[in-house]
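The following pair of complexes shares a single chain, chain A, combined with chain B in the former and chain C in the latter.
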Partner chain A sequence: MAISTEKLSSILQNFVTSTNDVEGAALVTPDGLPLAASIPGGMDEERVSAMSAAMLSLGERIGSELARGSVDRIFVEGEKGYGVLTSCGEDAVFLVLANQSAKQGLLMLEIKRTLSELKLLLA
Partner chain B sequence: MTTSTLINTAPVRPELGDFSSIICFRAVVIGIEDALGEKAAAIALISAGRARGRQIAEQLGLKSSVADLTAIAASLNLILGKEGTRLCIIDEITVDSTIRVSCRETICSSAELQGSSRKLTYTLGAIQGALEQMTGCRLRGKQIESVLRGSTHDVVEFEILT
Partner chain C sequence: MEIMRLVVTGPVGAGKSTFIRSVSEIEVVDTDRQATDETLLLKKRTTVAFDFGRLQFGPDMALHLYGTPGQSRFDFMWDILIHKAHAYILLVAAHRPGEFRYARRILTFMNQRSSVPMIIGLTHVDHPNAWEPANVGVALGYPNPFECPPIINVNATEAASVAQAIIKLIEHSTCECLV
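The block that comes next holds the complex of A and B.
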């Protein structure tokens, strides 16, 4: 069955608008192509997608080479907020951007909930 | 616009000229793979190729429907082939439910041992970027045949996503 990009976009948009302090989200293929995105203006969707896939892949390599086991997520903490990359099954990578006010526990819960919705569509 | 202006307006290096050896290109690719891993390196190289491919098609002003892509190989060869940057030679583009591009002497497969599992990365990206720019479609490419694994051509197949 074909993947519905409209439904994927709708889930992402809903996640971004309904979750406090989340500024953007994107779903990309493991080889770095965009599937759906709701990211702040000024960010290049293609570049964001390639970076996200490369970053998760690099994290997986670090997990393996440095004997850290399988990687659940990549968490980037900057002075202006967070970038969280989570594997969404074998077919996608989920990127979430949140500002510095975001509560990490709540953010992780919301990401987990949205991931299960996305996985249903990708299955 | 001449082919040479599409490649470069003037040689960047006065003595050595603009071409560099495949040996150095391979060393760059292998070095990146060593540092980042094969997968992350491939993502970066494909992404770089796509950007280059889009730039080529944009500079050439190439526009095409998916159905008319078969006639575009010659134009791409002017830029990527023997008269251009020598990335590869594109022999054929066929279109049915997918787009298939047959090329040879690709830089990615060059100087590899027969039987190597190496796949096209930068070359695949460059072709994909050019086709995407020309057709306005988003594509997903994969290599389905390789000169390193018994084929006469490196063949890439593009699935049309949107």
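The block that comes next holds the complex of A and C.
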């Protein structure tokens, strides 16, 4: 069955609007091309995609080379919020942008839930 | 111990990752991922962050080799890497003239951010459709051969040939420093 971009987009949009303090989300290929995105205006989808892929691949490399085991997520904590990268099966990378008031535990749970929805569509 | 950082850049499939793998003394840190774009026409996997290799050069100099991704969507990596580079080599496949314009774009990108010495390495020169070095120089925006950076042939799969290219790059960068 073909992958439905509309469904992917609607899951992302749903996630962004229904989760408190989440500002954007994107699903990209491991080589950095956009699959679906719901990101703040002013951010370039292509650039966001490439950066997500580069960061996750480096993080995974750190996990294996520096013996940290398989990587669950890459967590970027900035003054103005968070960027969280998780791999979504073999064929996709999931990026979430949240502001600084996001509750980390809740955010991780919501990401996990959304990941399982996305994986169903990509399988 | 002096550390010299060399950046290897160029279009997709020019041989950047191969170049570094051929000479690195450590196991190369690569960030290859399955390609899903037009890269697939050339190869299955592609670099998404950078390649890193190391080479001891004489008793008191270590070379750190950084390979960039080829696709322009990763130009933030080009930017990060070139800012720390002491010199760079632009690899171009001599038999794919369709990519020269793109290679020139990379060249402009790098030269806007850095004025470190550079050389041009031509790969795939054994191909029957390969262009002559001087013509590639013109295509890359150097109509005057006296203003053109050194152009050399490289076989990225062969350690000796890659080593030659690196020696040339270091010679070029040390003589530019003297001028």
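Here is the rule we use: the second predicted complex is superposed on the first by the 123 of 123 C-alpha atoms of A that agree within 3 Å, B and C clash if a C-alpha of one lies under 4 Å from a C-alpha of the other, contacts with A are read in each partner's own complex, and residues count from 1 in each chain.
Basically, contacts are C-beta pairs under 8 Å (C-beta built on N, C-alpha and C of every residue); 3 or more make two chains touch, one makes a residue touch a chain.
Predicted, not measured: the structure shown is a model, and the values here were computed from it.
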item	value
Which of chain B and chain C A:S87 touches, first, second, both or neither	neither
Chain B versus chain C as contact partner of A:A54, first or second or both or neither	both
Chain B versus chain C as contact partner of A:S38, first or second or both or neither	neither
Chain B and chain C footprints on chain A, overlapping residues	29-33, 46-47, 50, 53-55, 57-58, 61
In the complex with chain A, residue positions of chain B that touch it	36-37, 39-40, 42-44, 46-47, 50, 138, 140, 161-162
Residues of chain A that touch chain B when the two form their complex	5, 29-33, 46-47, 50, 53-55, 57-58, 60-61
Residue numbers on chain C that touch chain A, as the complex places them	29-31, 33-37, 39, 46, 48-49, 69, 71, 73-74, 76-77
Chain A residues within the chain C interface of the complex	29-33, 46-47, 49-51, 53-55, 57-58, 61, 65
